[in-house]
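Two complexes, one shared chain (chain A), two partners (chain B, chain C).
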Partner chain A sequence: MDFVVSQILTGLSLSSILLLVALGLAIIYGVTGVINLAHGEFVMLGAYCAWLLQSQLGWSLLASLAVIFLLIAALGWLIEVAVIRHLYDRPLDTILATWGLGVMTQQIVRLTAGGELRYVQMPPSLSGSVDILGATDSAYRLFVLAVALGLFLATWCIYRYTSFGLKLRAITQNRAIASSFGINSARAYRLTFAYGAGIAGLAGALISPLKSVSPEMGTTYVVDAFMVVVLGGVQSLVGTLASSAVLGETSGLLAYYSNDTIAKALVLVAIVIIIRFRPQGLFAPRVRA
Partner chain B sequence: MSGKVSRQILLYGVVCLAILIVPVLVDDAFLLNKYARYLIFGMLAIALSLSWGYAGILNLGQATTFGLGSYCMAMFLKLKTVPIHTGSDGLPDFMVWNNVTELPWIWVPFHSMPIALLAGILVPALFAALLGWFMFGGRIAGVYAAIITLAAMVVVNLIIIDQQSYTGGFNGITDLARFEIFGLTFDAYSASTYYLVAICLTVTLFLALAVSRSKTGLILQAVRDQEERVRFFGYDVALYKTFVFALSAAIAGLAGMLYTIIMEFASPTFLGVPLSLSIVIWVAVGGRQSLLGAMLGAVLVTGVQGALSETEAFLETWTLVMGGLFVLIVLFMPKGLAGAFEALVRRFPKAERKGGARHATEQTSKSQPHLGGAL
Partner chain C sequence: MSLVGFPHIWSKNSSLAFAQDGEIKVGVLFSLTGTTAIIEESLNKATLMAIEEINANGGINGLKITPVVEDPASDPATFAEKARKLVLSDRCVSVFGSYTSASRKAVLPVFEKQENLFWYPTLYEGRECSKNVIYTGAVPNQQQDDFIPWLVEKFGKRWYLIGSNYIYPKEENNYCKKLLEGLGAEVIAEEYVPLGHSEFSSVINKFRSEKPNVIFSTVVGDSVVALHRQYRAAGLDPATMPMASLTTSENEVAAMGGDAAAGHFTSAPYFMVFDSPENQRFVEAYRSRWGGDKVTHFVSESAYFQIHLFKQAVAKLAASDIGPLAIREAVKGEEYKAPQGLVKVEPENLHCWLRPKIGQCKPDGQFEILTQSADWLEPNPYSAYPNQKCTAEGLKEV
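Our next item is the complex of A and B:
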């Protein structure tokens, strides 16, 4: 019993990180159709901001979260204005442009903050552990899980119940018609991109105490996050939630029997096979394209 | 049309000839080794241009197949090293360090040269064909396909690093024998190896040109521009795409084998994200819809990189400059240098520029003879 619970908790922890990272990617891709390959770099920048604020200004991680969200969102806003908005009708080129931006960001960080690994302290109030049904789990991991679910819920509510969300849904269905009804789609795209970037930054800050922080950390996250989005089906926030849970638990289980690398490889093979037969993703409702 | 074709073949021929006479003019083994490396990158660019420029499949993991080819060659050459470098019973040294007692079954066929050479081309091709069958059969296209190729590369890379006792892990496979065939020895620093690379490049370039000009090539370009329409005509789109994906992988595999000969080792960095990104940049700079342009783009960019990296200041900022240049090219010059050159050559360059990339590609498909331009 202990084993089952702790295994589930390990999986949930992996799932919550996947969800945090994939959420921003899913929002941006779902609304604007842009695959943001610089997403991993937003995550990395968020982690570096956490490190910088903590080591230079002595801020606790929890206190800096809001600042980090705003900083990275502002950066996302700038990138949308400078580059992305010129490429909305060339989807393949957005991959290239964001990839180029990602590489530049990595190199800038390497040149300024240095290439060595950095570490961020866990907030002292959350550094203990909690007993759940006989198994123990770190309080911080549970906190990350709660934040991930909270962010998901907030995003879902914005999407579902606010007038801005309604506009977003209209644009997603048909940008031209939505625009002719007076919805400012350019502004909506910009806000979406900034919001997605901000969430990525937040994800990076939250992950930073669990992993070491390095300029290259973003690459693996963006690949994992994309797997989540593919499996969950685009334009389906609930799909993103479900597939990060499935992927997190599966990777946790596979990693227990072999190791992280083999688990990752098996998950990828499974995803490639699944999309062969269900290209629209596991959880996407059938809609007319 | 036929006049244009012969002009194109002439141009390609002249460039290849120029590449082949380099060793006559340059008598420096170190430089020849460097130039041969640039030419191998040129082959990689041709491979990507075939799948990306002609069939619209953006392969962000082109280095996967390159690395697979490179490892095939390295495994063969490792087994040929003189016993000093290998452990007991002819085991490669790194296996001895990892307490492997018997040659793994996957290594056994690499004692034979024909099998190893075939494997260097067929393993990448089969890998790509399998991945392609899953992707294109599931009608995965565009951005999705691009990311899956990237993910596949990241995973293959992780596996190679993880399986240290079979692949040498992080360090890769080092201390290799020289490549020998038909009594000829190919020293990495020699004119003969340069010729080997140059000839392979020439053959590849003309093979790719022939494919792009064949009926299959035309169908692929049609798929790139209007996939649905081609499907409605009754063509098996997935089959065509899988074919060109595998062909491109085979070319990359060949390039990988040559790279091992030139570098005298194989390493997991050969199938890393940075190299893959570089390949995409070279092709974007040179012009994705021109085989020669893509190849020259690779030679040009790596050549400049090689020259600049000798000065200390540029070594670190190079990546930054490259990334910036790449973003600018994607934004303002989607057809790369080849496109700019064509626009210059043509009498009315205005018509080309107007309306950005989307219109430009559509124009390409509409005015087919335009592809018969010089590049």
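Our next item is the complex of A and C:
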């Protein structure tokens, strides 16, 4: 029994990290159609902010979360204004531009903060472990799970129940017609990009106590995030949730019975097969074309 | 230099002496950019510091050592290209450099073809026998012969082997399994994670359910930081299930934080806290040269002492005889009082006799040295392969 519980918890922990990293990407990609290859760098910058605030100003991680969200969101806003908005409807150019931004960000961080690996101290109140139904899990991992679900819920509510969310859904379906009804799509895009960046920054800050913080850390997360979004279905938030849960639990289970190398390979193979037969992903919004 | 107007490469190499105009050129080949720059930068610093020390004390028989520093950018192909440049165009008499096995393998053909000499400071997996490389880091038998029995006796016989998925961990584990078999201990799992892997929750789950006595970790790079931090977050206890490593030095501990490393064990020929007059001098010099917060570790110590071995070898030669092969012959059997204690170059396989120590990490990021091997240990790069032996004539089947 405790084995089953601890296996489920492990999978949930993997899923929560995937969800955190993919959520921002899913929002940006889903609404604006921008393939943001600099997404991993937003994650990395979030982690560096956490490290900086902790080592220079002595802030605890929990206290700095809101600040980090705002800082990275502001950065996302600036990038949208300076670069991205000139490139909508030019998918190839946005891929190149965001990739270039990512490389530049990595090097800027390397030059200013140094190339050393860094770490962020876990909040003392969460550094213990908790017993759940006979299984032990790290309190911090459960906290990350709760935050990931909370963020998802908040995003979903904005999307579903606010007038801003309604406008977003309208733009997603057809930008030209939404604009002709008086929706300011440029502003909506800008806010979406900033929000997605902020969430990525938050993800970076939250995973920083469990991982190492380095200028290159973002590259692995951007791959994971795209896997989740592609599998879940591009314009579906629920799809993102479901596919992080499926990917997390599956890779946790495979890694337990074989090892992480094989788990990673098998999961990738499964994704290739699934999108071969369901190119729109697991959850595709039903839209009348 | 004498043939004005001709590209240098056209002049006959043999007509030029390596020691010219009161200086001898050596190559320094450590990555200053790219993924392994963090650690290689410290090796570059230790190398340059040793060269400066020797030059400040009058050089080698009046000859100044001139370092030619190149940045191979953590890329094996660039390593090979820069090595060729240092050997052919700069005419360096030796090159000191590289950290990863991949980069060493990339430069090896250059030194073997040009009959030059490469000095490699890193501990590595062994199973290499080149007449053109001086290896000053440890090989598996030197780090494991004392370490494994000590851990079995202290903690028990159920071992979990976890490593990064490439050649180094597999070779170390080959030797470790051999030792464990001789001790009647049991390997309950041998597992490899991809390089750069940072999610260890499944692995930690297995630690929990398998309850090994010792976790033998050959996980390297940023993965090692993630493994230690997640081990600690999971609430596992180093007192009953310690991780034993051959690569976790002061440098890695600084990256993961002393709290995450505390209680785990490392075997190495050198620790920063080692108490010897030579080490005190080394640490003080390093910190006053490069900054008071810098740490020294067992690879930077090798990078430092190998320059002094080079100096001793060159000092035995007449200026006109100085050349890579003459230096190789002169360094055979050479001894030097390094920060870790007395070291010696084994004439047969050009690896070094070293004195391994077992350290336990403390929360302040330094190690406490628990034991030291009674005598220096002979290097045997083929320790896991008893029917092969590296000799001065090359690899022999026995």
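Operating definition for what follows: the second predicted complex is superposed on the first by the 284 of 289 C-alpha atoms of A that agree within 3 Å, B and C clash if a C-alpha of one lies under 4 Å from a C-alpha of the other, contacts with A are read in each partner's own complex, and residues count from 1 in each chain.
We adopt the following convention: a contact is a pair of C-beta atoms (placed from the backbone, for glycine too) under 8 Å apart; a residue touches a chain by one contact, two chains touch by 3 or more.
Here the structure is a predicted model, which is why all the values come from computation and not from measurement.
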Checklist entry - Should A:108 be classified as contacting the first partner (chain B), the second (chain C), both, or neither? => result first
Checklist entry - Once the shared chain is lined up, is A:263 touching chain B (first), chain C (second), both, or neither of them? => result second
Next on the checklist: Applying the document's definition of touch, where does A:220 land relative to chain B and chain C: first, second, both, or neither?
Outcome noted: both
Checklist entry - Just which bits of chain A does chain B share with chain C as contact spots? => result 220, 259, 261, 264
Item to check | List of chain B residues in touch with chain A within their complex | outcome: 56, 58, 60, 131, 133-135, 137-140, 142-144, 146-148, 150-152, 154-155, 158-159, 161-162, 273, 277, 280-281, 284, 316-317, 319-320, 322-324, 326-327, 330-331, 334, 356-358
Next on the checklist: Please output the residues of chain C touching chain A within their complex, sorted ascending.
Outcome noted: 35, 37-38, 41, 165, 191-194, 196-199, 201-203, 205-206, 208-209, 222, 225-226, 229-230, 232-235, 254-257, 259-260
Item to check | List of chain A residues in touch with chain C within their complex | outcome: 3, 6-7, 10, 13-14, 17, 115-119, 121-122, 127-129, 136-138, 140-141, 209-212, 214, 216-217, 220, 251-252, 255-256, 259-261, 263-264
Item to check | Complex contact set, residues of chain A against chain B | outcome: 35, 83, 86-87, 89-97, 99-104, 106-108, 110-111, 219-220, 223, 226-227, 230, 259, 261-262, 264-265, 268, 272-273, 275-279
